[in-house]
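When the chains are written out, they are named A, B, C and D in that same order, and each has its own residue count from 1.
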Amino acid sequence: MKKSLIHRLVQAVIVLIGVVLLIFVMLRIVPGNPIETMMGEHADAATVARMTAEMGLDQPLHIQFFRYISSAFRGDFGTSYSLGKPVSQLIGSAFVNTLILALFAALFAWVAGIGCGILSAVHKNRLPDRLFMGFSILGISLPVFMAAMFLQYIFGFCLHWLPISGTERWTGFILPSIALGWNSAGQVAQMTRTALLETLQEDYIDTARAKGRSPSGVLVHHALRNAMLPVLTMMTIQFSGLLSGAVITETVFSINGVGRLMVQAISGRDIPLLQGTALLATAVVIFGSLLADVLYSVLDPRVRKEG
Amino acid sequence: MLKAKRKQVEQAADLRLQSQIGEQERFRDQLRRMARENKTAVVSFFVIVILMLAAILAPLLTPYEENEMDLLHRLQPPSAEHLLGTDEGGRDVLTRLLFGARVSLLIGVAPALLSLILGALLGAAAGYRGGMTDTVIMRIADVTLAFPSMLLAMVIMYSLGGGIFNVFLTLTLVNWANVARIVRSQTLKLRSDEFVEAARVTGVPDRTILRRHILPNCLPTLLVLFTLNIPAAILTESSLSFLGLGIQPPNASWGLMINTGRQYLYNAPWLCFAPGAAIMLIVLSFNFLGNGLLDVLDPRMKKQ
Amino acid sequence: MNEMTLEVSGLTVCYPTEKGAIFPVKDVSLKVPAGSIVGIVGESGCGKSMTARAVMGLLRSPGKVTAGKVFLCGREITALPEKERRKLRGNEMSMIFQEPMTSLNPVMKVGKQVEEAIRLHTDCSREEAKRRTLELFREVEIPEAETRLSCYPHQLSGGLRQRVMIAMAMVCRPRLLIADEPTTALDVTVEAQILKLLEHLRDAGTSVLMISHNLGVIARVCDEVYVMYAGRVVEQASTERLFEQPLHPYSRGLFRSVRSLREGCETLETIPGVVPNLLRLPQGCSFSLRCPECGEKCEKTMPELLETEPGHAVRCFRAEGGEE
Amino acid sequence: MSGYLLEARNVTKLFPAAGKKKVHAVSDVSLQIREGETLGLVGESGCGKSTLGRLLIRLLAPTSGEVRFRGENITALKDSDFRRIRKEMQLVFQDPYASLDPRMTVRDLVAEPIETWRLCGSREEVTDRVRELLRAVNVPEEFLYRYPHQFSGGQRQRIGIARAIAADPSFIVCDEPVSALDVSVQNQILNLLRDLKTSRKLTYLFISHDLSVVRYLADRVCIMFLGKICEIGDTEEIYTRPRHPYTRFLLDAVPVPDPSVRGKEIRLLKGEPPSPADPPTGCRFRTRCPRATEKCAASEPELRYIGGVQAACYYAEEGPA
């Protein structure tokens, strides 16, 4: 168990290094000098040259890469071109907002998703099933920005129930979280339903019934834990889905989060900032999936053994 | 190994029961069954066909030109003349929606197909060859999958710049890894299946086994993946365009229309909600169709 | 021995399919006297497992009992509300299944699974349940019982898993144990051990309804045998009587098909043809298509299950002398 | 020069298991099969009999040891050189549902070996050949263009057999070919296999856990326990006078369809089967053997001749314990 965890950890670090390399290379195949692009046409050649040297951009690519990696290990991700502040500081303050948003969204997705999934499976092919599955497939099919604008329009503009944008009050997080979590909730609900229905066909369910367990007892004590296993593996996709969605949600609701920072970085052609935010997001995804693996092995003794 | 054997016997027993109760079906029968049992999937199929026809026949369906400005009639609400109103330049929204469908559908289908081919080839190679091939391909796939899809798309679009062709390329690069992963696991499973072993013991060469036994048995999965990759591509493109990173004006894609309409959300909501509803309709249809196919073709894949 | 632990009369199970309804169990009547092992023998698809499930009330949808009554110790149970029936399961009647690997919850320790059964039907403390589980494990001869309590199913061999299943079934000393092919997935040496265990249970007062396709297993443990074919009972007799003088052509074919361990032979006896599809049963006797002695009457009408001698009933016109 | 069709010399196969352990699926097995005979391979699940079968026809490569076919060491051959021998060896599978590609018609399935080895010229010739084969295994010719799922298990197994004999092999490994079938159908398949053997001069390795099946088909029988041969020799001799204690237990345990022997005390094997990842020292059967002594724990008994059969037990001469 411990051994396989270490193995997975090493693998995660390798993937992370691959990710850094990929981002690094991709951002540097853009034609033109980034300093020049950033400063516009008015910059004089001397200033550009000085800044280029200052930022080490005149060095060969591999030297730049190792420099970046080694300073990243010390928590230094460079200085943002456009905002003039250290990237780590910018990300640090934005990350809190994104984290709150993502946690709320995940909470909504898991509670609503699993709940709807179970109810759907129990009432298979009857009204609640059709209703919940309708909602979940709607969530999967609705682009995040549409969900966001729709909620903004109805609850913010028409009904004035909740703030349209900003996060000055905690209520500001409600609409963005729902908009962001709806998609994941739909996926979780569908997976829960499928897995539960499949689990209910297993032989050990018959055994439990033969013992005299009530239907609800069978569901809670035998079916659910087994059905949650495939749902758990979805966590990986969920993490990356939530982060993708955060980019959009934060833009629509004007929340100062990592996603919005990333959009700013792109429009400002701010490479250190883009690099830093992308690295953070992928690291979250990678370690999120690692966490899912660990949880999985806690829940499934068969995996625990094999290592 | 023992467990695998037991499982086989058990599955055989299951199948035997099936042959008593309802026979195991072939591809054609499965499609027929879906058509019979899953009305939503059938309706979705027709919605898709109609939308495609509408996109192709767009110039015949509307009296207006795609970019015909009419500054006197800006931001008009829906009326008999302009069924879905006009935008900030006085252009007919319905017309732009129909022309936008061309871009959005093309952007759904083309990258889905490209990533399917790329992913299937790499996945099958990784699964069947194993060893170094497998390690290299799957590590690259892992790195790709570690990115949130929007983020990867944004970074690629940033380095490539906007434009339809670059959007194609980006969406292909974002989606291939998932296809590769699923095809690989399917290939691995098929490779250890007894009928493949039977072909090996008969002396059938590896390449023939791959072509004759493994790929045809992957086809249902590929079809499902294709159907489900289309809405994924449409969603990613619309999100990119919404952020202004995708299709560039004057080309109209639905995402871009929403992007420009967003500033008028409170006084001209139809500018956002009309293309939004269109995206939802097409994505919903593909999802329903894909799920229908998944149900009849490959119920076990749902877990992945 | 006239007290009946189980009495089934006219049990019919309907299973709607796309191509029409089929009846995996049709008009089945059987009796399990107290303190005996009664066997049902037949090939796959003959309805023997469905019968067992129907008796337990564990049919999978869309299967349904459409006719018939089931008496457990004289009490009719098919009409009982589901809640009442549930109290019987695991208490008065238990069941063990063919595949001990998939019949145990893979993510729950085996000890816990047995404790669960105890705590469902008695209100004893957790420690008490644990102690009882250990006792039961010893009783079904699980070696190193203490350590096995905290094992997961995948850590046990097939034989041990089946013993756990039996322990679980025996927690309340049920009147009736239904064993659905309990040894089919096991090796012969383990099979012998499990059969021995079932005999011990019988001697301790639990009647057993044993379902098997293996005539050797039936001969070894059963007192009374029912032969099923295509959803119906075609012959019923005491084990000695049936093995000595099978009357139905199908039973005769089955017995002739048995391969001997003691001597080799040139060609093996077979029953021609295959088990019929339940959707396409012949109009008359279900066995008529494969029967070497099939007459005209057999093709048109289904014979009744009639006693030719006390304790020996058969569903064949030939045997009752009606068709020459 | 050995005169055997197939010979295994000290074949061992290890599979990696959890941790650094290795499972000895087959360990140090030597056996010979003469042309035209049927060798039955009997053992309980997990004893390595299927693995041994696959090792003999090079579907798996042994960890050590060699397999010789007509005196030629096929373990050492390169893939390209082995191809000509591949045609001589075939496998009939246990599970008739999984071993036929669901997307191919019967004609294509049976034609695959013929086409692979280019045994016939035109398409028509191939089809004619397929018809012939189907006749040989008693599958009606009109089913030529049907798919496997339209057949019952017995018929599928017949198609599997037709496929196996299509390229005229000389050696066939039958891996539990009837254990997934109903009793009445089992006999049909067994009779067919026996007829084919005579008419086509085949040599079989017949793997089964069912002693009565082996009794019917095999000339000689080989009993395996935990990757090792316990006893090997003439079928009649072993069934009437088993030498190895394990063989005795095995024969005793088979339920006999005769109620008159009911109540007769059967000797039961004690304990649980040892794990193949961690086999006991010395004789692998000793932990379950009633007559095991210190000698059995100290060293492993070799196969040795005892009146015509070979058995691996120190006390094989003595009667049942």
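We take it that a residue touches a chain if its C-beta (ideal position, glycine included) is under 8 Å from a C-beta of that chain, and two chains touch if they have at least 3 such contacts.
Model, not experiment: these values are computed from the prediction.
Taking the mean of each chain's C-alpha atoms as its centre, the chain lying closest to the overall protein C-alpha centroid is B. Of all chains, A has its CA centroid at the greatest distance from the CA centroid of subunit D. Here the CA centre of subunit A is 53 Å from the CA centre of subunit C. Taking each chain's centre as the mean of its C-alpha atoms, subunit C lies 32 Å from subunit D. Centroid to centroid, with C-alpha atoms defining each point, subunit B and subunit C lie 50 Å apart. Annotation for subunit B: residues 6, 9, 13, 16, 19 touch two or more other chains. Residue positions 45, 152 of subunit D are each in touch with at least two other chains. Each of residues 305 in subunit A touches at least two other chains. Within the complex formed with subunit A, the subunit B residues making contact are 139-140, 142-143, 145-151, 154-156, 158-159, 231, 235, 238-239, 242-245, 255, 258, 262, 265-266, 269, 272-273, 276, 279-280, 283-284, 287-288, 291, 302-303. Those residues of subunit A that touch subunit C in the complex are listed here as 201-204, 206-214, 217, 221-222, 225-226, 229, 299-302, 305. Residues of subunit C touching subunit D in their complex: 43-44, 143, 157-160, 187-193, 195-196, 213-221, 239-240, 243, 253-255, 257-262, 264-265, 267-271, 274-275.
Chain contact summary for the complex, subunit B toward subunit D: residues 1-2, 5-6, 8-9, 11-13, 15-16, 19, 23-27, 193-195, 197-205, 208, 212-213, 216-217. Against subunit A, in their complex, subunit C makes its touches with residues 56, 58, 60, 83, 86-91, 94-95, 97, 99, 102-108, 116-117, 120-121, 152, 154-155, 165, 168-169.
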